[in-house]
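Below are two complexes that have chain A in common, paired first with chain B and then with chain C.
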Partner chain A sequence: MTMEIRRYILGRLFQITLIFFVILTVLFLLFRLAPGDPVSRMVDPNMTPEDAQRLIEQLGLDLPMWQQYLIYLENFLKGRFGISFHYGQPVSEIILNRLPNTILLFTSSILLAAFVGVFLGKIVSWKKGERIDTWVTIGALVCHTLFLPWLALIIIWVFAYWIGWFPLTGMISAEIWTDPSAGLLRKGLDIAHHMALPLITLFLIHFGSYLLVMRSSMLDTLREDYILTARAKGLDEATIRNRHAAPNAALPVITSVGLSLAFSINGGALTETVFTWPGLGRELVFAVSNNDYPLAQASFLLIAAVVLTANLVVDLLYAYLDPRIRY
Partner chain B sequence: MTLCTKINRALLLIAVSVLWLCPPGWAETRQPLRIGLGEEPRTLNIWMASDANSNNILSQIYQPLYRHAPGETEMVPWLAAGPPEMAADGVTYQVRLRPARWSDGSAFTAADVAFTCRLIKEFKIPRHYSRWKFVDQIEAVDDRTVRFILKEPMAIFLTRSLTIPIVSEKEWREVAASARKQKKPLASLFNHTVKRPLGTGPFVLEKWHKGAYLHMKKNDLFFGQGLRIGGRLLGPFVEEILFKIYGTSDVAMLALKKGAIDMYWQGIQPGYIENLEQHPEIRIFSSERSALYYLGFNLRKPPFDDPALRRAAAMLVDKSFIIKRVLQGYGSRMDSIIPSGNEFWYNPNLTEYGEDLNREQRIRAAYRILKQAGYRWTQPPVDDSGKVQPAEGLRLPGGSLMESVTILTPPADYDPHRAISGLLIQQWLRQAGIPASSRPMAFGALLQQVKARHDFDAFILGYGRLSLDPDYLRIFFHSEFDRERGWNMSGYHNPEFDRIAEASEKTMDLEARRLRIYKMQEIIARDVPYLPIYLPREIEAVRTDRFTGWVQMLEGIGNIWSFCQLSPVN
Partner chain C sequence: MKTGNEQRDAFAAPAGRREWLAGGWALFWENPIGKIGLILMACFALMAAASFVPPLLDPMYHPMHGVDPEISHATGPSAAHWLGTDFIGRDIFSQLLAGARIAFMVGLSAAFMSIFFGTLIGMISGYAGRFADTVLMRLADMVMVMPTLLVVLILSSLFGQLRIWTIVLLIALFRWPGVSRIIRSQTLTLKHRPFIEAARVAGASHLRIIFRHILPNVLPLAMLYMTFRVTSAIIIEAALAFLGFGDPGTVSWGMMLQWVWKTGHMFQAPYWLLPPGICISLLTLSFYMLGRAMEEVLDPRLRKEGESD
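Our next item is the complex of A and B:
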């Protein structure tokens, strides 16, 4: 590692820490300033004003805002994210329970969409103007602009309800997982079976953007001198496309995939709701709408940390993949 | 064969294998009752549980001493062996218990009952404490007898206090002891994680797979098994229950039609009914609810501090139209705060504002009320010839121009019925010149605005589940509860009402109390701090091809009686 890179990384780490601190503070303020509180939502005539006050005190919301902020900072530095107001469970437990499900579905879908998008983008750019280019590009644009819940419901209706190939929603089948004779393989296949429809939906929504980025990047690359040189050397078309053009054209896609992977940890509230996928995205929406400050704050902080780190990693990866880039 | 072809073939093979290995209905050897839930329960901690789904699950486990039975006006003894015996002093009650066991085999005793009640009092557990704070002493006389001594006679003791779920001392003793040592004991009690609740109910929790399902099994030690309580022979006759979660009602309805669930334990929208009725194996239950959806006014400031204006507004609101068009007929109009299904307490002889009047007649009636009260218009809603016309420039009796008033409603994605009702009411009030506008607001923010800040003109809210005891009348309108976070959200103050409400709370004679409750309903109907609008029906759908025996009562079929009586069709 050169001195320049080391200095660059240290500088970026300092920036990240600073930005993270700002996010930490803004999150605290945003949730406290938003209208409503966790106690006023309880519509039960048995909840007396004294009960409500007692709950507010127990949740620590009766303290002045600056005091709450100091406690929040202290807890954060000690690695304590608190107890969810909504579930009465440690926030870290809830996130750890939901995060793997989100990562499994969304990371797989992004990788699959990126793989297919890059592959098809590479092919259609080589056949620019031909019928395959027209149809695949239109298809990609249509899929990219589809309204996700609508597409999801149509897919569920056709493949799960009408044809019956897949389960309707959820991540696992209660009947199989409560069957004592069901082994690991059967349970694993059950997850794969449940994952198929949300994966297809997310794939259809996302592959178009990767395809379009790759196609456009490939078309730029094809005008480069080294492609002309490769042709002059008498290399065949597949070698020029796969070995010379594609690796250079894939750089913008790498940035896009890197950031998408980072953002994938927040899942997608709509996908997770329609498919009843027990992920973090849906939990995040619940937390915000129920004024569950500890859970919402911790989830957003996790997302912020991953995205900031991913930005740094993508930048470094970029420099590694493209030797022309220097920091 | 190229690499690409090889990959394609491998992927195809994997896909076919998955499909072949996992056909629908893979593990169909058992016959569990499968129930769909709209959301995952929040918790299994009974003291923390305030949401419907947690309470639905826990109601299979933790049991009360007394409960309501279908078709019965009075409470039936459940864990209690008979009605409570009241001593001549009117404040001492003795309750004899049935022989029962906790699901771990240990004996259910009077000590458990005393422990539960003392726990509520000691920790001042929200939502329960208000029902126990007037109880002075709780004693376990022997293993099967509990004695309660009240500070003063209290009518709600049987219906509201003795209906709390009883927990096992064995399960909660250590938790309570540890919570006492904490800086925030109540929070510590709430945050205790319960993995396998110990109960006396018909089912026990086998497993909760977070985010996916809850698995319950029949409790072989259920005290009611084989007994006839409330005129019904109790089971359970179902070996196990699987609760599955569905993120949207659309998918839950598909699951019901496909047979993936036997019942969806959440009220369904009328829009689904027509489609469900095409499936002969699906049966739809439409039940009365104990609920209240209403328009509330802020009586603390003009213009709704004037009862004449509130009565005029009541005249303009066409409840039948809302029920027909917004609720698609699945509801009934409300004229009292107490739902009509609560037959014992409901006063059927109240003022029915605008009943059977058409639009023009309503406007004329409202015009008459306002004119009599001293209101004036630049252009009145009714001209000199008696013809209805657009009204303009409504002036208050003092002469000042009425400023615009806002009706706060929950947003349409939270409750479309209330949001649309707000828009309709806005238009109807404008016909008499009342410059109203409806404003949807996030639910939490709306409650804070109305309940904590008292900063509003009018609002539309509802109580989805009211107790059968009408003590909530006192809580909604007694001046004592007009304070921050109090339930007297309108700021209604009436010494006559307060006096009757206080007396009603302490009246032990049912008939005498009923007269007082009738009077309280009359006063509220006259003064209109709240205008009750509609009572939606509880619509539930079940499959009839696997299980039979659903018991319909107020609030629908999702009740303990159903779960104790359901049995497989074959």
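Our next item is the complex of A and C:
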């Protein structure tokens, strides 16, 4: 059994590495083949000629294509992505600095949405056909199709501007982080205070679809024989629902989380941009708006890596939870 | 239960389709979700049709170039401008109507193309099997994990401002894998049905089998997924426009939101901020509801996730 799991994990790891490699290659080709001068895309036109020359040599932009490609791969492995036009710093420093912020927001919003979705879906499925079921289903559909950037603007308007409970934008308040006497707890609370609104936005967009998946999966599970057996044993409804039906019914939710990861990262980028949350998605949008090609390229690669890793985690979780799945 | 059996028969052979359609329609209309979705969509279709009217009444109602000569900043609703004007005095209501037209155009054409690619690839993959199947499905896996919005963003940074039809094509090119998987598995189950075997024995070519015998049977499923693709196409185009990478020659709802946001009117002009967002949300909701109701009609036991993006 463990042998099979190991083979499965290795197989998935290989597939995901391969996909990432293809993305890496396609990006290389696009950056070289797009109209315009490839050198001006990687080297800031405002650099001094010496600096520019050094960068051209480091990136191998004066060499034939296939050599450039090898250098590109080598640079990627060593984490060298060139210098950002806008910040004038190495791109790797910038994106590594943004990565934790994105992971924090992304992971917490998906986990929160999945748990609430599973919980509510479970409750609602038990009341199928009743009024609460209809309303919660429609509510979930509406939440799921709300246009994310607009929802974000409305939430900022209501909770940050109008009521004023939360800061308008950003991730930290400068006065707390420059205050030497501020403890870790105060800093953590400051981040949480800033994160509340983006988190609520992403949560609202995601929980609806998880709820709907959980609901229909519960309804399918309830038709299974082992539920009949549990009923025949005289177990009470709560035990049947929480112990017998829900754990199995939750599996499709995990699949659904995996399938919607690419969608979630789109939403993450939009949320980060509207809330000016200093994450990778916002950096990508910013870089594209300002023609900061090295930064755009690297942020995109890192975002792709985040999506692929999250996919792997979801697959592993599924394999761990459902022993029948070992393909 | 009777309807369930009828459906399965209709699914297996193209005969008796008219009765099946009538029965399906009754089932669809019984479902409040389907009814609400269809009514909502009809309202938006009316809006799109009405979008040609305001510019004819007065050139200042032209959604893109029409400017009220007396207004040069954002103003609230009035008799001349039912939803007010934007920051240079353009009429928000006529922009909203024009946005409905763009949304339908983008949504339907992108969805149609992605369904076209998805169905074709799914049928070939399922029917041919072996090597073609492996290659196409690995390709599908690869495209599936790509965040479409961000991919289009990167492409627009490399290739400059994208036209609306390029955006539509790109959305279609990245949104076929989900459909092709479904169509592939449906094709796999059809492949060994007696009527396909019979066609083969009778000497039908592979192309004929695929297009004459398999296609009609996967079409309802493809139409179902088209409704979900419409929602995702509308959302992606709107998000792109919102971020400032839309086609500058079109007035879409995403574009309107971009103008509100970028000109800093989001706290001052609710009459401008609310309508486009509500429209995008409700139109995508209507297609989504339509899809879910159709799903229940087509097959109650079909996978219910309904794909979220």
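As a convention for this text, the second predicted complex is superposed on the first by the 209 of 327 C-alpha atoms of A that agree within 3 Å, B and C clash if a C-alpha of one lies under 4 Å from a C-alpha of the other, contacts with A are read in each partner's own complex, and residues count from 1 in each chain.
Convention: a contact is a pair of C-beta atoms (placed from the backbone, for glycine too) under 8 Å apart; a residue touches a chain by one contact, two chains touch by 3 or more.
Model, not experiment: these values are computed from the prediction.
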Name the contact category of A:294: first (chain B only), second (chain C only), both, or neither.
-> neither
Could you look at A:217 and tell me whether it touches chain B, chain C, both or neither (first, second, both, neither)?
-> second
Scan A:176 for contacts with chain B and chain C and give back first, second, both or neither.
-> first
Pick one for A:35: touches chain B only (first), chain C only (second), both, or neither.
-> both
Is A:121 contacted by the first partner chain B, the second partner chain C, both or neither?
-> neither
In the superposed arrangement, does A:273 touch chain B (first), chain C (second), both or neither?
-> both
Should A:157 be classified as contacting the first partner (chain B), the second (chain C), both, or neither?
-> both
Kindly classify A:307 by the partners it touches after superposition: chain B alone (first), chain C alone (second), both, or neither?
-> second
Pick out the shared contact residues on chain A: the ones touching chain B in one complex and chain C in the other.
-> 34-35, 41, 153, 156-157, 161, 273-274, 289, 291
Spell out the residues on chain A that touch chain B in their complex, using ranges where they run on.
-> 34-37, 39-55, 57-59, 83, 86-89, 97-98, 101, 153, 156-157, 160-161, 164-165, 167-179, 182, 186, 189-190, 192-193, 196, 272-276, 278, 282, 289-291
Using the touch rule from the top, collect the residues of chain B that touch chain A in their complex.
-> 18-19, 21-22, 24, 26-30, 32, 34, 40, 42-43, 45, 48, 50, 124, 126-131, 184, 186-187, 190-193, 206-207, 209-213, 215, 240, 242, 244-248, 250-251, 254-255, 257-258, 260, 442-445, 447-449, 451-452, 461, 463-464, 466-467, 472, 475-476, 481, 483-487
Along chain C, where are the residues that touch chain A in the complex?
-> 32-33, 141-142, 144-150, 153-160, 178, 231-232, 235-236, 238-239, 242-245, 257, 260-261, 266-267, 273, 276-277, 280-281, 284-285, 288-289, 292, 301, 304-309
Spell out the residues on chain A that touch chain C in their complex, using ranges where they run on.
-> 15, 19, 22-23, 27, 30-31, 34-35, 41, 134, 137-138, 141-142, 144-151, 153-154, 156-157, 161, 209, 212-213, 216-217, 220, 252, 255-256, 259-263, 265-266, 269-270, 273-274, 281, 284-285, 287-289, 291, 293, 296-297, 300, 303-304, 307-308, 311
